[in-house]
Amino acid sequence: MIITLKQTNTFKDNADVRRLLVSLHVDVIPVEWKSQSLYVVNGKFSELSRREVAKHSGVEAILPIDRPYKLASKTFRPNNGKIKIGNTLLIGGREIIIMAGPCSVETKHQIEDMGKEVKNAGCHVLRGGAFKPRTGPYDFQGLGKIGLRFLHDAGKKYNLPVITEILDVRDIELVEKYTDIFQIGARNMQNYPLLRELGKSRKPVLLKRGMWATYKELLLAAEYILVGGNEHVILCERGIRTHVQETRFTLDLNAVAYLKHETHLPVFVDPSHGTGRANMVRALSRAGVAAGADGLLIEAHTDPRKSISDADQAISPQELTKLVKEVKRVARAVDRE
Amino acid sequence: MIITLKQTNTFKDNADVRRLLVSLHVDVIPVEWKSQSLYVVNGKFSELSRREVAKHSGVEAILPIDRPYKLASKTFRPNNGKIKIGNTLLIGGREIIIMAGPCSVETKHQIEDMGKEVKNAGCHVLRGGAFKPRTGPYDFQGLGKIGLRFLHDAGKKYNLPVITEILDVRDIELVEKYTDIFQIGARNMQNYPLLRELGKSRKPVLLKRGMWATYKELLLAAEYILVGGNEHVILCERGIRTHVQETRFTLDLNAVAYLKHETHLPVFVDPSHGTGRANMVRALSRAGVAAGADGLLIEAHTDPRKSISDADQAISPQELTKLVKEVKRVARAVDRE
Amino acid sequence: MIITLKQTNTFKDNADVRRLLVSLHVDVIPVEWKSQSLYVVNGKFSELSRREVAKHSGVEAILPIDRPYKLASKTFRPNNGKIKIGNTLLIGGREIIIMAGPCSVETKHQIEDMGKEVKNAGCHVLRGGAFKPRTGPYDFQGLGKIGLRFLHDAGKKYNLPVITEILDVRDIELVEKYTDIFQIGARNMQNYPLLRELGKSRKPVLLKRGMWATYKELLLAAEYILVGGNEHVILCERGIRTHVQETRFTLDLNAVAYLKHETHLPVFVDPSHGTGRANMVRALSRAGVAAGADGLLIEAHTDPRKSISDADQAISPQELTKLVKEVKRVARAVDRE
Amino acid sequence: MIITLKQTNTFKDNADVRRLLVSLHVDVIPVEWKSQSLYVVNGKFSELSRREVAKHSGVEAILPIDRPYKLASKTFRPNNGKIKIGNTLLIGGREIIIMAGPCSVETKHQIEDMGKEVKNAGCHVLRGGAFKPRTGPYDFQGLGKIGLRFLHDAGKKYNLPVITEILDVRDIELVEKYTDIFQIGARNMQNYPLLRELGKSRKPVLLKRGMWATYKELLLAAEYILVGGNEHVILCERGIRTHVQETRFTLDLNAVAYLKHETHLPVFVDPSHGTGRANMVRALSRAGVAAGADGLLIEAHTDPRKSISDADQAISPQELTKLVKEVKRVARAVDRE
């Protein structure tokens, strides 16, 4: 259940409602949601109690929600959410948003060159990893802080917001200085301390689906962020682990259609990880948008063969330009742009 | 290796080439492929032997093929194959082909009504099961022969070719009389006697991917049919078994992009089984076509709730009409029709 | 629901009960089960109808069964079933039964030598494939009829019952002449015509779990055989398809514990396919028996490296001898032999 | 490659070797491993360089290691590692170690009662969660610090070392005060900052396999801890995500056999999560030990139905007692205790 509080309420009014709820033996979690105060309630009322709450002068409405992810559910917000970044970028609107860039920030030049290519290809956001979650401790772990700076500067230079991955709860303050959007990688989808801390930030968070996760688990992971009051969550399908051996992961576009029915949060697709093969990225980008995705996350590199990490799946600037054109055509065919 | 024989060869010339090959200790499988005779060769030649074969007057060309599925591979036939059905229908051409109809043929009226709806919606082929592979022995197993007749008559009436599933190798002759296209269900993808026997037919076979199969295994299953001389094989992605519980199967559109790179055979998508949820079928149909599919297989029912089998995934005629319109728009956006 | 008929009934008495059931609008499937006649009933009775049936003079008992697999369920037969083969072999008793032998029968000598080793190691049944379900059409497909004969003769010579795979419904009569136990391979677990035909045989059938199948689906596949009146079904876990790449399949011993709770049918384990690695077979054999399996199916070869098929997973006679000893110790630790 | 340094080396000797290595353009990671200093080397030497290094007076040996997990591999340490806890407990020795207790510490009484039962049943370690990784933000998240204290005291009272999960890298210092063994949950298997920090601790870490992870990924996760110098890592198989719906996860005992071949680290099995069903825990405990596991992690509760979390899989003290007895019998059958 979610109880919305009147906007005219004083602090005391809200406290009053809370006292009433607690007296009815339910758990109450206060959430500041945009310009509105909410109480997320866990537990059940009797019909009598429900009426008592509804009558309270501080209560605007009671929303019964039949999903375990309350704030993420469409019952709470039937309309698709929109996330504004800077003055120009709108995620979740009519336009398909494309975030592109290298797996890792490697050098100042590399990320600047890529920024230029990303801009020229018509993409909207520059991606690049400074802290990399690598399977083994002997792999390249990213440039760290200096990489963040390079990314930030490249974004500035080409007027592109940037997105980068946050791995460690202790780095949030640092990363927040340099990025426009936090990325939570698949391996951290259920890193609850990280999710909770990002719930306190007001910067958007792109949350990648764990390669093992059900749709419900993804939505509950998002709920951890939402309940902290950060409503700017973007979900991202990036492939699941299956028995298929010819591709790195199996991109699950069922997820896109399902999530668009269940949640108001924007849904992105990462066909680079979802296939692991550069020559399949364009086809799956088109498919993702046709399935209803609000945007794409693409790995691109000025010289894919020389990419330090994930070389097999990065596409060239030429391919990226082609991709953007094809995606735009499909976007218009599904009444997007 | 595939050795193509000159079209001007006599029977004796071919036998002569074969003798030479056998003397070189390789396995030779003769295949009649359209208007051409081939020898599929397993084993390896020395460079010397290769030259000897190449020089033989009966040999047109030697194609080295690095895939275990030789006839299915793009090295053998670089151009996409096309399958003609009757005078009007072309599978694998520019036009996206949509096959639609009920899971099971239930009554003469039901399949006739559905035929009309399928035709009016702008679909190309009428599907309907007469022999049903049901998980349990107490489930409805299909109408059998009478169902075949109903399907055939409904197709005739609305000038629609029909497709129906073949379960039992002993039923091939019977089913062949009534159907235009054989369907091999996912559970039978590795039913090798069935594949071999259909290799002897000259009617097209739509081969569904097993829910456990890799792409290579699907292509090798197709090879069983091709090697019999039946080149009219259509591959169909219909969802795989994964850990996801919110959908019946996980539709794997990576398969479409991968297969279009690897094989000249047409590739279809079945979003009805691939999702198991009627409200996701349109989105995944669009996605399938955007990924490069040549056609769709859709479960539709005049009254989905009353469908004897697979009620949750069948869509109504109204939905089907909408689907066809949406798919056509996406088709044009990817230079198809 | 299962209705057991009195043993003293005449044919007319049984027909009488059936007429009553049909008049109550339920589906009735007559099954001859050992020395007893049954009616498997699908559909529901009112309480009144139930009483009417119970009172009928030809009815012995009404068993309400809450599982879709009625004959396979423990509600129908609470005690574990036992299958006698010849005069000496009892499957499902205290003793752990070990079936061993090569993947394929290759030559008369090979299978005879193996028969000797299998006997000496203390195993109970000789396995060997004459018809092989191979992923590709160019792989070795087995010796066919002559292979059956070699297997049969080797079994005779060393007084070992034999088991071999049946692939094609048209070969049942042939295979039945030579084998003591039919094996249905994983790929054919849902080959319903094959299951139905083997339901008419009275020889035991070892049914391997499909690599995609749930436990319920395996039990329903068994039900197809049971409903034909062949109660001699052995279930066999042989590994499922998962994301794990280090082994060929993932042996699922949860299946053993689950099935032993759900069904009276004997449960076997095939650690050779379930791991695909010879150096893991002993460990998983011990584990299978510790989990409650009634027997094992082991791939062994006199010279594993020279095995035509599945060379990586076959163990040597020395390893087999070790395996039997280890398994016997574990068997005693779980009150078996 | 791992280079072991002479124990008689001075600090300067070691620095000298390092300088040499760096001059040869390889990455050098110094590791303090028990009483020995090592350099883990990434990159390749020429034969000439190798000899130069081998000849260096500070170098004891060069171990070429062909696995990406160098310190975890059997090439580095051929003998199974042993971990001592306190004066009496030895993990990785002949005795099978059983850790048991509730999913969550709920009250002081509950965990004390459980401690008594765990002791009486003959188990060795008391488990209990104070920080719980829960799928949704509205689920019970554990008692936190006070829960740690209750657990610690219960362990003290019954002379049982304790194990508890660490979720947040910022809690390490706190948890370290109260626990004898850190547990890393499946969801955090690739939480690299957490792994790295625990590499700096000298307390043992039980690392659970992610439900999506391959064996290699598990070993590489362990390597993150080992490379920090904490050699006390215990691996734990706890079930993977598969298509099977009848159980919560699929326990993968192939993993046990595989890991025992690949690594010197002790391997545990958690049949409680691996099945999710209390009535299957004993069977899979026996199977785990028969497969070669060094120990078990069991969820037990004084009143399983009242367990706040994971009620379906917790077993009663009576069942636990039975389990220990059965496991001991199997242990002896595989030459353990």
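Observations on the model:
Labels A, B, C and D are assigned to the chains in the order they are written; within every chain, residues are numbered from 1.
To be clear about the criterion, contacts are C-beta pairs under 8 Å (C-beta built on N, C-alpha and C of every residue); 3 or more make two chains touch, one makes a residue touch a chain.
Treat the numbers as computed from the prediction; the structure is a model and nothing was measured.
Chains that touch both chain A and chain D: B, C. Placing every chain at the mean of its C-alpha atoms, the farthest one from chain D is found to be B. Should one ask which of A-B and B-C has more C-beta pairs in contact, the pair is A-B. Remark: chain A and chain C have CA centroids separated by 49 Å (rounded to whole angstrom). Mean C-alpha positions place chain A and chain B at a centre distance of 39 Å. One inter-chain figure worth recording: chain B and chain C are separated by 33 Å, centre to centre, where each centre is the mean of the chain's CA atoms. Chain contacts: chain D has residues 212, 241-243, 245 touching two or more partner chains. Residues 212, 214-216, 240, 242-247, 250-258, 260-261, 274-275, 277, 279-280, 283-284, 286-292, 326, 329-330, 332-334 of chain D are the ones that touch chain C when the two sit in their complex. Within the complex formed with chain A, the residues of chain C that make contact are 241-243, 245. Taken together, the chain A residues at the contact with chain D in this complex read 27, 29, 40, 42, 68-70, 133-138, 167-170, 187-188, 190-193, 196, 210-212, 217, 220, 223-224, 227, 241.
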